[in-house]
Amino acid sequence: MALNSEGDLVGLLEELRDGRATVEAATARILAALREQPFQDLGFAKVDHHRSIRQGFPEVVLGLGKTPDQVATISSEIVAHGNPLLVTRADEAAAKAVQQKVPGAIYHPLARCITLAGEMVPGAGTIAICSAGTSDQPVAEEAAITAELLGNTIDRLYDVGVAGIHRVLAQRGRLDQARVVIVVAGMEGALPSVVAGLVRVPVIAVPTSVGYGASFGGVAALLGMLNSCANGVSVVNIDNGYGAGCIASMINHL
Amino acid sequence: MALNSEGDLVGLLEELRDGRATVEAATARILAALREQPFQDLGFAKVDHHRSIRQGFPEVVLGLGKTPDQVATISSEIVAHGNPLLVTRADEAAAKAVQQKVPGAIYHPLARCITLAGEMVPGAGTIAICSAGTSDQPVAEEAAITAELLGNTIDRLYDVGVAGIHRVLAQRGRLDQARVVIVVAGMEGALPSVVAGLVRVPVIAVPTSVGYGASFGGVAALLGMLNSCANGVSVVNIDNGYGAGCIASMINHL
Amino acid sequence: MALNSEGDLVGLLEELRDGRATVEAATARILAALREQPFQDLGFAKVDHHRSIRQGFPEVVLGLGKTPDQVATISSEIVAHGNPLLVTRADEAAAKAVQQKVPGAIYHPLARCITLAGEMVPGAGTIAICSAGTSDQPVAEEAAITAELLGNTIDRLYDVGVAGIHRVLAQRGRLDQARVVIVVAGMEGALPSVVAGLVRVPVIAVPTSVGYGASFGGVAALLGMLNSCANGVSVVNIDNGYGAGCIASMINHL
Amino acid sequence: MALNSEGDLVGLLEELRDGRATVEAATARILAALREQPFQDLGFAKVDHHRSIRQGFPEVVLGLGKTPDQVATISSEIVAHGNPLLVTRADEAAAKAVQQKVPGAIYHPLARCITLAGEMVPGAGTIAICSAGTSDQPVAEEAAITAELLGNTIDRLYDVGVAGIHRVLAQRGRLDQARVVIVVAGMEGALPSVVAGLVRVPVIAVPTSVGYGASFGGVAALLGMLNSCANGVSVVNIDNGYGAGCIASMINHL
Amino acid sequence: MALNSEGDLVGLLEELRDGRATVEAATARILAALREQPFQDLGFAKVDHHRSIRQGFPEVVLGLGKTPDQVATISSEIVAHGNPLLVTRADEAAAKAVQQKVPGAIYHPLARCITLAGEMVPGAGTIAICSAGTSDQPVAEEAAITAELLGNTIDRLYDVGVAGIHRVLAQRGRLDQARVVIVVAGMEGALPSVVAGLVRVPVIAVPTSVGYGASFGGVAALLGMLNSCANGVSVVNIDNGYGAGCIASMINHL
Amino acid sequence: MALNSEGDLVGLLEELRDGRATVEAATARILAALREQPFQDLGFAKVDHHRSIRQGFPEVVLGLGKTPDQVATISSEIVAHGNPLLVTRADEAAAKAVQQKVPGAIYHPLARCITLAGEMVPGAGTIAICSAGTSDQPVAEEAAITAELLGNTIDRLYDVGVAGIHRVLAQRGRLDQARVVIVVAGMEGALPSVVAGLVRVPVIAVPTSVGYGASFGGVAALLGMLNSCANGVSVVNIDNGYGAGCIASMINHL
Amino acid sequence: MALNSEGDLVGLLEELRDGRATVEAATARILAALREQPFQDLGFAKVDHHRSIRQGFPEVVLGLGKTPDQVATISSEIVAHGNPLLVTRADEAAAKAVQQKVPGAIYHPLARCITLAGEMVPGAGTIAICSAGTSDQPVAEEAAITAELLGNTIDRLYDVGVAGIHRVLAQRGRLDQARVVIVVAGMEGALPSVVAGLVRVPVIAVPTSVGYGASFGGVAALLGMLNSCANGVSVVNIDNGYGAGCIASMINHL
Amino acid sequence: MALNSEGDLVGLLEELRDGRATVEAATARILAALREQPFQDLGFAKVDHHRSIRQGFPEVVLGLGKTPDQVATISSEIVAHGNPLLVTRADEAAAKAVQQKVPGAIYHPLARCITLAGEMVPGAGTIAICSAGTSDQPVAEEAAITAELLGNTIDRLYDVGVAGIHRVLAQRGRLDQARVVIVVAGMEGALPSVVAGLVRVPVIAVPTSVGYGASFGGVAALLGMLNSCANGVSVVNIDNGYGAGCIASMINHL
């Protein structure tokens, strides 16, 4: 007989107290629970809620490789549990399917995201998101949409690439206001080094696959960012705007 | 005649007000200042202090590739300016040379760092540093020494690799206390994913060059960390314990 | 005159014994057989049967790059020889073509396999197949279908990725029952290390091409698995569910 | 008050049974144990012994990067606990240091291993170890020494590279006797494919760093083995003779 | 009140001179301008015009990844400001859209460029453009069209690959006339070395993605060019005909 | 006045002999020819015919990336000059276009070649072409068609991969008859090593892009072949059946 | 009783003829020979001599990684069997050790080879060996020494790199005399393309590890050669002068 | 009888004019010269002087891999011919050896160069050399020494890395004075993009091997520079300060 809830445990202990169970039998049953059961499946304990809940943000749907129907079904379940909705890498067909099942869901074509906002704890400050070129905007927007949904205020500083260094310098005032900065860049990926040299808060660098030839699908930008000579730069995967938005939100909620 | 301080500017404007200078001459001199001078060299403005001061931590010396004499000379200059001292990737010879010029400097042989502590603003919480294997400890210690020097309290959780998953699970209580977590791992670099799945704070992942064959000097660990399926993981360069310590300190000082 | 069977050899020796052939002629004919003929074509010896028969499982058809007609023709020949059928990497069109020529053939769309079961020696124990994420299931299913066709009992443990480590820990009881474990994972490929730390049987790790950016089509997962710090992990090619199923079956039939 | 052993649990339950503790207090203490403590540290449960014991072989010392003293100290502890000793990648200095603290320890210079045999469960059959060239022998011997220490009988088939295919064909009889085959090869790494085509048991392929130029430190051999067209081949890291020996032993003990 | 033009500054200084403003107020306003405003946005100063103007050539549109409408809109704005037009990597649809909004715009299908010529300072000499094979011509033409638009005279020497070395030798007279040489080559990328050995002017090498197999999308050519044993060779990104044309024009305008 | 033919030179020398030209004028004209003109364009000398003629085989058309019209136009020109025709990497559309302009041209769909045979010097012996798997046949056939067109007799030994080593051993008699052997293999690319160990003639190894995952589009096979432990193996580019056919023909015509 | 020679077979057949053996016994013994024995170990058949003898050149010793003693012992055995001696990648210590055991052995310090010439069948023509730069000479000499020992006449054309194209053009007469050409080059590896465009015989290209930075230890040269646009170029491993010498000798002995 | 000088040609023509030679004989001899002789070896023509002379700078000695004696011997020959001397990658031992044979030769330890200045045509303007960090100075100095020797005026702007962007902005005035700019940077290699955005002259980017981990010996910097989003950037090999100096000098001499 398994020990599936706090009620089960209380029941067992009451039996023991009342003499209906022996110490040996109770010991065996409790030890079995300790050995065999995963924390989060015990039922009688809330220690191990779902990861997404523990980490302070809802389950996120990666739309890539899923049919519109699959995306819509998962989305409606998430919303039915009272969670805000975020689907990343979603195309228009997926968006239409979701919108039929989830009234009010919004499609962001540039960011390729579907969202339905919910109640979130507001972040402590502003997250600045810089992008180097126009083609980097979809990734920057994925980060922005993600962080907004998670309760953060975003300041977008787009098209401030290093080849015209005055463009980023002109935004120093806004950069100084940010509690954390996301920097999105393809090609040589040099912008995070410049930005990190201007601010004293953490910089999350996102390489993008923007470029051709020896950009190798974002590898050049990735390596540039990993080798940044500036302090405070950490890096996420190529095109991973979502990941950067999550981390920035975590930092902004500290 | 350059315009080198706020005093110069006031002086010029007073001359103008008092009729000792023409509008044309004053216009020319101010425009010249706007055009020619870098912000931080103007002198009359404090906008652009030294990067290391702006970013809240002192100049750090990379010992690698410098002679003991060079390291000692730079170190004594830093200390003479009242700054705390941190030399990374320093060997024993460098340490001896520094200790002659900088009394009280401490050498940490495992972390290969030389330090002389100073007054630092204390961080808001604890930085947990996990390392996967014994060989990863030098990098973990470089991160720890760096973060300690920058005013942080460190909780070391070493030798908690994923092949014995109970070892990291046994430390959940301590992980839950951390405000930011640094995870140092070589070989397959899987530990950050596991740790990030357990905590709700940012995880800074540091791949190490520990391993052989297809570890390719830390590339396997680096790729593993960049592709982490867990939320909240950002990555620094291979063996960059110093960088991780900086970022963690920045986050912990928010 | 070739020497094509044991009967031919006996006949020749009888002629020699009976004086109908000379020692010289017999010597020449036997030497020729030794020199010219491949073992498995001698006919009079069973030393070198077809590889697939020697290795305990039938010829398998790689559907990729073959027309539906070609797949169907090969499939019907295999079945005509009394063998069970396995076509991997087959699309629906190939499945329809096969089903017309091979009544009873089943198409498994997730695994992209076509099968017709046959009599196989049952394996000694259970093969557990773990997969890290939903997108890894096609590869996991290819392994499962392969191993089932070869006579094994499979226990599927899907969606037990390391970012929620409790999910795999919750399955320790089932893992302990397995005689061999296949672990399928993309992205950082960390699951085999965790699983191998929990069991004392061999783990066959299958990297998948699931991921993007710096996953480099499965290279990150492949490297992670090759560098596993856990004992007992060996690795097959990216997305090679079929290969893992074969090896696991071989082990399970020892 | 923590719950550190089976005795503690029994004591608590006896207090409850005897009325010295309330159900509420007992429930709280047991739930805390379920939540906070790692399985293997509970003490009162044997579920989670040390990984190396669970997996059927003793702790193994990686000699690389450790001082002779460190290796000797760890070795004498392992032996003091009644375990057999295996140090891999050990040089002569380490061997001498170990032999002073561990009488009877043997140094195998070719395999660069130090061993002290112990009682091990014998494997079910023979492990054949093939190596392609003379320079591959150190890795092959590391596998052999490892597997022997773990209780297996080894059949060594060295210098049977594919450029003289008759050499491996000449050993078919011995290969047919093996329950599992380890194949060690550098350069093009083709031997595992040929061997796997001859046998019906699992083949563990070990690429070596033997070669120059476009062998890229064993990458050519590694890729060759991962792409093997033969059934039954799984692969370990470059030069990982130890790993192959472990896996083969696991299979041979099923 | 911002300080947006030279007029504003003069006005402020006049107020100060005339006693309508205090030294303190003027100081504050000027310091604010020094601190906050990017040079190029001051308006009252021409120091920091748009990068493309400073560098002597007009804004160029990268057609790749833009819709025909986007390309056409940007193009008409550029032309409306009196600039010559260059769109690179443009397909026919983009060309048609542009031609509707920009009468006189010309489409170059081989070079995939759209142009509308303008007044440019003529270069000092001739730019020779060599290409190795027929398939390299689109990249060579992109360079040629770019350089022509920027005011240069071009001498095209196409199909002079090294496998028929006489072809390039036959053009020595024309090469000797050039002030700078662009060499475009795919496959092994050897032509720049040969050409640079023949001339005494700078050679801009452009690797192309022409090739298959181990050309790795132009990497073989790129590496060949970076390792050129000839003096005077510098390299741009794979297929970057535009970049080569720019650099050659800069050199030719010195 | 240029010096365009042997006739021109004779004429000039006759003028000189006859006193109609001075030594100075003749010297100047001859020196100019020596300096300025490429050998093969002099006209009066046949030293430097077209490369394809010098090398003993006709111009070959690479169909890839050319329109059917372009292929047909070039093909008809080649045939019009009396040359045999070989177009590689041609699709059906190109074949149809060629066949309209070149009656008698044959399309080989497996090899993707178009040919029209011509008079060729026959090779001295037989070229054996081995391929490892069914999917390698297109590349093997490209080699075969090329070598046949160039006057060679081909012996095809297909589907003799190393996983069933008896298959290649069974063909030793035919291999022994070959004057040069082409070996075509994808995946691990091990076949050339085995074949080269059996024969004493040169082996041209052709890696193919057959495979998936860690075959990296033929890189695994390429590296395997470059690292062959057998004597006599040289390698061409991935999928370069044409190149192998050319080289084999050159050797066979020695 | 094994069947170890043609004499054994004749003896057995005579016993059978004379009634001293039964057909059954003779059948069993002959079948055993067919099944168990490798061809080359039968003794009574010459089909499968040692590879090095079949391939027309003696066993060659790779000196790299062997002690001077080991090299000397192997060398004296080879010479004792009447074979010529070739040790590659040998240092001076090895040479001295060999010279003590093998009187007359010569050390070639540039090529790092030890040789003792023997009787070899002379090649049909001359082998030309071109090298691009001075640093490529060791590899070129390894090829030259190898080919000379195997009975070939060598024509050395050193330091004819493509950056001074006249240097190789000046040698066209000598190149035209060669029956096969070896081209050795590091850095961009362009020389084989140029040479192959000048001759009509096979070109064996040897990339060298000469270079730095993006030469990646010879990879740039290797890729350049594999992508050669000229006909007739096949490639061996980086720095594999020995391999090129072997292949050229094989071709020259056809 | 060869035709080795202009004198020989005049002599032949005089014989012809005077009737001592026939038209046929003269034709044959002249045609032979046209066919066989390389331009630069004809002697009677100056068309093809030595490459280093044609290209406007003297032969340069790469010291790497040469003994001090070899370097000294070559150096004294170069100086004996009246040329200026430049030895790159020279250590102190080489410098001492050179200085004994070449009085006045100067060793530059940081740049690892040996020089003896000579008469050079002065360049038209100034070459600015920027370096990002202290460790990049040896490469920057190699470029500077090279360019100075070739007759150029150098303006050194060292330690102006992008992490402190004000450092490079502070040098805009000096950058504006340059006729060509060399930018030397390791790690992420971002400086050339920033500099190229500030100037309107060509930028030669030199990646250095400064860095660790994912800098991959300069690959990260190399890729960053190849992917520069700024106009006017071309790239040379990693650590190739010499090459950059040459190219800049060529441009500065136009």
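Labels for the chains are A, B, C, D, E, F, G and H, by order of writing; each one numbers its residues from 1.
Note that contacts are C-beta pairs under 8 Å (C-beta built on N, C-alpha and C of every residue); 3 or more make two chains touch, one makes a residue touch a chain.
Computed from a prediction, not measured in an experiment: that's the story for all the values here.
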{"item": "Chains touching both subunit B and subunit F", "value": "C, D, E, H"}
{"item": "Minimum number of chain-to-chain touching steps separating subunit B from subunit G", "value": "2"}
{"item": "Fewest touching-chain hops separating subunit D from subunit H", "value": "2"}
{"item": "Most remote chain, CA-based centroid, reference being subunit F", "value": "B"}
{"item": "Matching chain pair for F-H (criterion: over half of the contact pairs shared, by residue number), options E-H, A-D or A-B", "value": "A-D"}
{"item": "Comparison of E-H and B-H by number of C-beta pairs in contact, larger one", "value": "E-H"}
{"item": "Angle of rotation relating subunit F to subunit H [CA atoms, steps of 5 degrees]", "value": "180"}
{"item": "Chain centre separation (subunit A, subunit C; CA means) in Å", "value": "39"}
{"item": "Whole-Å separation of chain centres (CA-atom averages), subunit A against subunit H", "value": "52"}
{"item": "Of all residues in subunit A, the ones touching two or more other chains", "value": "39, 51, 163-164, 169, 197, 213-215, 219, 222, 226-227, 231, 237"}
{"item": "Pairs of chains found to touch, sorted by chain label", "value": "A-B, A-C, A-D, A-E, A-H, B-C, B-D, B-E, B-H, C-D, C-F, C-G, D-F, D-G, E-F, E-G, E-H, F-G, F-H, G-H"}
{"item": "Residues of subunit D touching subunit F in the complex", "value": "132-133, 161-165, 169, 187-190, 193-194, 196-198, 211, 213-216, 219-221, 223-231"}
{"item": "Sites on subunit C touched by subunit G in the complex", "value": "6, 9-10, 13-14, 16-17, 19, 23, 26-27, 30-31, 33-35, 39, 42, 44-45, 47"}
{"item": "Residues of subunit G that touch subunit H when the two form their complex", "value": "135, 163-164, 166-167, 169-170, 172-173, 212-215"}
{"item": "Sites on subunit E touched by subunit A in the complex", "value": "36-41, 48, 50-51, 64-65, 207, 209, 217-219, 222, 237-240"}
{"item": "In the complex with subunit E, residue positions of subunit H that touch it", "value": "51, 54-57, 124-125, 179-180, 197, 199-202, 204, 222, 226-227, 231-237, 243-244, 246-247, 250-251, 254"}
